[in-house]
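Read through the structures below before going on.
Each of the next two complexes has chain A plus one other chain: chain B in the first, chain C in the second.
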Partner chain A sequence: MTNARKHRAWSRFRRNRSAVVGCAFLVIALVVAVLVTPFTLSWSNVQNLRDGVRMSPTLHNVTPESSFDDALEGSVAQKLPTSIARLLRASAGVMGYDDLGRSVLFRVMFGWLVSLAIGCGAAMISVVLGVGWGVVAAMSGGRVDAMMMRVVDMLYGLPYILFVILLKVVMEDPLTQFFGGRATLADIVILFIAIGSVSWLTMARMVRGQVLSQMGQPFVEAARATGAAPLRIALRHIVPNLVGPIVVYATLIIPQAILQESFLSFLGIGVQPPTPSLGRLASDGVEAINSFVGFWWLIVFPSGVLVLTLLAMNFVGDGLRDALDPKSEAAQLI
Partner chain B sequence: MAAKLYATCTALLLLILAMLGFGGGGGFGAGRNRADFAYVNQSGINTLDPAAMTWMQDFRVALNIWEGLTQYDPKVGEAVPAAATMPEASSDGLVYTFTIREDARWSNGDPVLAGDFVRGWRRAIEPGTAGDYAFLLTEHIEGASAYFEWRLSAVEAELADHAQAMDARFAKVGIRAVDDRRLELRLTAPCSYLADLLALPVFLPIHESIERLRVSCSDADRSGKIMLTEQGLVAYDPQWTKPDYREKGYQGLVTNGAYRIEDWQFKRRLRMVVNPYHRDVGRIECDTVDMVVYRNLNAAIMAYEAGDLDFLPDTAVSYTHELVRLGRVGERTDFVNPPVFGTYYYIFNCSAATYNDRVNPFTDARVRKAFALAIDRKLLVEQVLGRGDPPTHCLIPKGSIPGYTSPEGLNYAPDEARRLLADAGYPGGVGLPVIDLLYNTGFDHGKVCDVLGNMWARELGVVVSLRGKEVKTFAEDRKNGNFMIARAGWYGDYADPTTFLDVFAGDSGNNGGGYTSDAYDALLGRARVTADVRARFRILAEAEAMLVREDLPLIPLHQYTQLLAISPRVRGIVANDRLRFSFSQVHRPSASKDSQ
Partner chain C sequence: MMRYTIHRLLLAVITFLGITLVTFSVIQLAPGDPIAMQVSPELGLEMSQHTYETLRAHWGLDQPISTQYVRWLKRLLTLDFGRSISDHRPVWDKIAERLPWTIALSVLAMGISLLISIPTGVYSAVRKGRTFDTAVGTLLFALYSVPGYVTAIVLITAVAHIPIDWLPISGVRSEGFADLSLSGRVVDLAKHFLLITICFTYPLLAFQSRFVRSNMLEAIGQDYIRTARAKGLDERSVMLRHGLRNTLIPIVTLMGLMLPSVLSGSAILEVMFQWPGIGRLMFNAISQRDYFTVMGISSIVAVVVLLGTLLTDLAYAWVDPRVRYGG
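Right after this comes the complex of A and B.
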């Protein structure tokens, strides 16, 4: 992509208001969440059984400061400015407290990051696998191409949830052992491998189609005429031209993966407690919908954040697609 | 425009209603099909074979459609004579002779015979048909254990000869039909809780028609039929418990209780109707009883609120504590929360040296004790659960067995816990591997596990990892000792400490933690041969003290309570600590068919 094209794409993206708002939301949320992670990592699991259980949203923090301080022992958070800690502690109650007196705010913040990590991890896997598979298939052509694409068709036919569960069952124990018994890490890794390994299929098909259409272009023929090796043609000439569609598609995979993670956690096969994720938080809160008591904050905040995140990502994805689409480029030139 | 919108909305609404109607068809008690009394169950019936059943919901149905020699009466709170009159006992307390009531009838009108009981009990100790409760017979009835062992050896025996010898061998078991109506029972040792035992499903009679469905194999040499499988086991067509099974002249399940099964829709609904030949038929007000299956108890509670259900024996949802509170303050008198005959606890893996390549520190009793001492039960039970379950430090619910006093267990003592952990070589938790906590997902189990993990991390400095599994894999893992610490619970079956203490016996099939102690088994053995009730209880209390004060294969947390929702439309469901309910006692004050 030339600089001028990049510039035009960026200006188109900027004009798409919903995409810009979505992007801003994601960036700000990400910065905040990452900044406070050293705290939320341990504070999301600080219980206050004495007076915090199922306490509704409040501007006062009810958990003793000493519990928060104890939880930070030996963590990098101790080296961070105390003003952040103070601000966070003071706002611990704004989203209420859950069944075990844990701050919903901290759980949502950390859970959001866990969900996002799984989403991005899955998207990365799916990009690497999907692009690699698609490019190799298209460039090899003939039997190899047919065989590779039949594999994709076959995987499409597999019931996806079953596949994920199977992967989880097979990989759970070895991976947990690999992480020295820390099941949480193993869970997160399994989840993004599992989700990533089922969401690369569409990517592979799309990339293969794009590569095939590029192969007939004069610049590829020119490269071939100069005696460039297939690998060089793929990496130097074809893939760079596909960046647009790949980026767009990847941004759409992330929300899809987050949603799938939520779904799996909702079914109880996602991350293990006490590690929060948006799906698990929502699933823990779902029985708040009953005709006797309303612990509405247990369901409203996690699901609200989930909805906002998914919306923002879809807006950004849409905006990127419009911005990078060569057709809209053409339309503008006319 | 508005009209179009309205039309669209109506169409959508109709569509949704239609879908709901299809989705719930048959499963719901409303409409013309509603039974006089409908109660809910979270899962379907597992089995209706009295010899094989172990689940509470199966017991509940079985004890309403069959009737044993005795029956647990929720109103009285103990077992009372049912199909038989009070037995004559010999002076040494070993031989009992029961007389079957003259008016005891099967649901097809046949009289109940002593032989029907012999048939039922024999099935309960036949290796092919016996279940988890067979030990109640082999332990208490003379010769039953020997018969069971001999039958197990059938595999090596010549089948035809073996089949011939069976009746002669069984004659040595202490179960005998003296004549049609008199049944003689010989015990291995006097048993003060015999009436309570006999009220369990494993002691129910079986109607003779089941014999039509007996599986047989042919003996090539003698060209005869042997009523055994090729493995030498007694087996029946498993469909025999179905009410509408017609095969080889079988007329469907025949039972002798107040009800019989009319219709059984697998995992959806079980309909019971009154047994017209039962002696109490005139006094029974609910002619039809439905057990409706709702996987989601939250939905069941909504159906109850809407009047579709009369009774919820199980209300384990995340807001149960709120229902308990409503019941307690008198806002909802239909919510009652009796303490029941069961204990919620965690067990340690006491035997495996390693777990997933990590050293299992819980083979050391000091470590187990340290973990037990670090639990603040009061906080857990009052703040987190809030259902009013009494915290407990011992295994047997306090005051549940008349005459028996449980020993004092270990209280919350974090300093002592840390000291013990240091003694065991792990000062401040240093050196301990990541501790795996296994629990089954659902209800409050995850919450409890989370709280325990947090307490251990805080008090002992250990790193914990929670592993929530679906109940079937969980049960498998626990049974196979594939855990470090696991959730557990036990409901007692009869009013004797051994119903709890036997779980931790070295040879118990329910002892998932692999705890073995010769001293403990010796105490149980001594109690078995002690006739004097008070001396026996003293020995058993000593055994319990060993569990909860010294060896700690378990950490008792709380006695169970069970929140029941009993609709004000019905009377006669009596809250009791065994959770046994007699539907024949239910009556409806506004019986004028108001639901029609």
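Right after this comes the complex of A and C.
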């Protein structure tokens, strides 16, 4: 993209108030997450079975400080300024405690990052797969194109839950071994591969259509006349023109992937406990509500954060769409 | 046109075979065994090796996957989906008793959302940038970001805790449904439909209104609208007769594209509201590794998806002859 176009796009984006607010929200949340994750990584699992079980939101932290300190033993968080640790510890109770006496605030903070990681990972995979597949299909044309698009059709018709379950089950052990037994990490990677490998299909279709329409343009013919190889035409002339729709589409995949992860966790096939994710937390909250009376904070906070995040992301995606490509196909298919 | 139709039909059949083959292998490769899942070791029940082998042979599970798939296909030719491994009932019956509930829900949700989204979308487009457009746009966008199941959680908890006795939160019928009068039955059904329909409809509504609005905006920008205005038509008929009419084609296409996701996408709501639909059946069948039920449902969903795509393609080719030679 040329500088002038970038500049125009940026000024269009800036004028969209909701997109800017959404963007600011995400940036602030991300900065906070980076600061607190070294702590929440271990603190989200600190239990207080003595007097924290299902305690409603309170301004006082009920978990003894020593258990927090013990949990940090040997982690990088010990090297960080103690003021963050003190502030966090003091606010441990503001979102209440869950059925094992764990701080809901810490779980939501860490779960947010897990959900975000899955969303971004899935979007990355679907960009790489979808763009690659779409470009290759469109450039090859003929029988190869037909075959490749048939594969996309086929995957489209598959029951998606089935596919995710299988990918998860098949990759569970090898990946856990690969990450040296760190099940949490393996879990997240599996989920984003599974979700990513299902959500690249629309991207592939969109990219193929765009490439086909670009191929008819005079500048592609000109490039071909100068003797440029197909690969060079694809990489230097066609794909750069598609950056707009691809970026827009990718930003819309992230909230979709987060939503899908929360579905899967809700159905019990997402991230495995004790790792939190926004969907996992909400579903835990629902279980608590079904059997006892009114632990509203177990549901309201995770779902609220989920909704706010999705809203901010959709606003940003919408703003980017208006800014980057005001008149594309992607503009109609959210 | 004939040639094109046959070509597309053949492609659809090949795609169908591909889908079923992949599904068949996927479910069989997934760990867990439908026979072993019949008994629950935690209850102290166990199955002898002999019984286990006999049952596997009975369901044909001892054969290689390729043989099993061919056998399944042969049965499919006579429209026989086989029996469910978990409760031995014919898969057809299981699907047939669930399908109407899912279809009823989908049609109701799609219908309501169309009824609301077309007027709002059109009006927003006509009043682009005015208060109505921004307000409704923001509201719908906010709604679009609230997952249906989150709303379901809120509604279910609300009904359970602020005792609203008359509003049921699970199933489709109350006890003693058979004894009710006709009007009583209608009211009872309506009550059961209420909450799940709300949760199912509003995400569709948010999506569709935006779709209608953007398509309407595009139509309004066309030359024929200027022509219609130049003829001296009043604004109302310009918008409705010339603008809206041209927006209807993409809307119909969208309906076709959304049908499969609407049919299969309701699984989570069906589970939450104990709705006896196809999504919950699928979810249970997958967790019990009930191969034949899974295959039956995915075949039906695949046929619906392919039929939707096929009909859309054919309609396009019929309207625009260039498509027939291009693809």
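Throughout what follows, the second predicted complex is superposed on the first by the 317 of 334 C-alpha atoms of A that agree within 3 Å, B and C clash if a C-alpha of one lies under 4 Å from a C-alpha of the other, contacts with A are read in each partner's own complex, and residues count from 1 in each chain.
By our rule, a residue touches a chain if its C-beta (ideal position, glycine included) is under 8 Å from a C-beta of that chain, and two chains touch if they have at least 3 such contacts.
Quantities reported herein were computed from a predicted structural model and do not represent experimental measurements.
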Taking the superposition on A as described, I'd like to know which of chain B and chain C A:314 touches: first, second, both or neither.
second
Per the contact definition in the header, classify A:299: touching chain B only (first), chain C only (second), both, or neither.
second
Touching A:144, do we find chain B (first), chain C (second), both, or neither?
neither
Comparing chain B against chain C, which has contacts with more of the residues in chain A?
C
Would you check which partner chain A:180 touches, where first means chain B only, second means chain C only, and both and neither mean what they say?
first
Let me test your reading of the model: by the given contact rule, A:272 touches which partner, first (chain B), second (chain C), both or neither?
first
Which holds for A:243: it touches chain B only (first), chain C only (second), both, or neither?
neither
Look at A:49 in the shared chain and tell me whether it touches chain B only, chain C only, both, or neither; answer first, second, both or neither.
first
Chain A residues contacting chain B in one complex and chain C in the other 293
The chain C residues in contact with chain A across the complex are 11, 14-16, 18-19, 22-23, 26-27, 29-31, 138, 141-142, 144-147, 149-150, 153-154, 157, 160-161, 207, 210-211, 214-215, 250, 260, 264, 267-268, 271, 282-283, 286, 294, 297-298, 301-302, 305-306, 309
Residue positions on chain B within touch of chain A in the complex are 298, 301-302, 305, 317-319, 322-323, 326, 356-358, 379-380, 383-384, 386, 433-434, 436, 441, 446-447, 449-451, 453-454, 458, 463, 465-468, 470
Taking the complex as given, what residues does chain A use to touch chain C?
18, 150-151, 153-163, 165-166, 169-170, 255, 259, 262-263, 266-267, 282, 285-286, 289, 293-294, 296, 299, 303, 306-307, 310-311, 313-315, 318, 331-332, 334
Spell out the residues on chain A that touch chain B in their complex, using ranges where they run on.
45, 47, 49-50, 53, 70, 99-101, 173, 176-177, 180-184, 268, 272-274, 284, 287-288, 290-293, 295
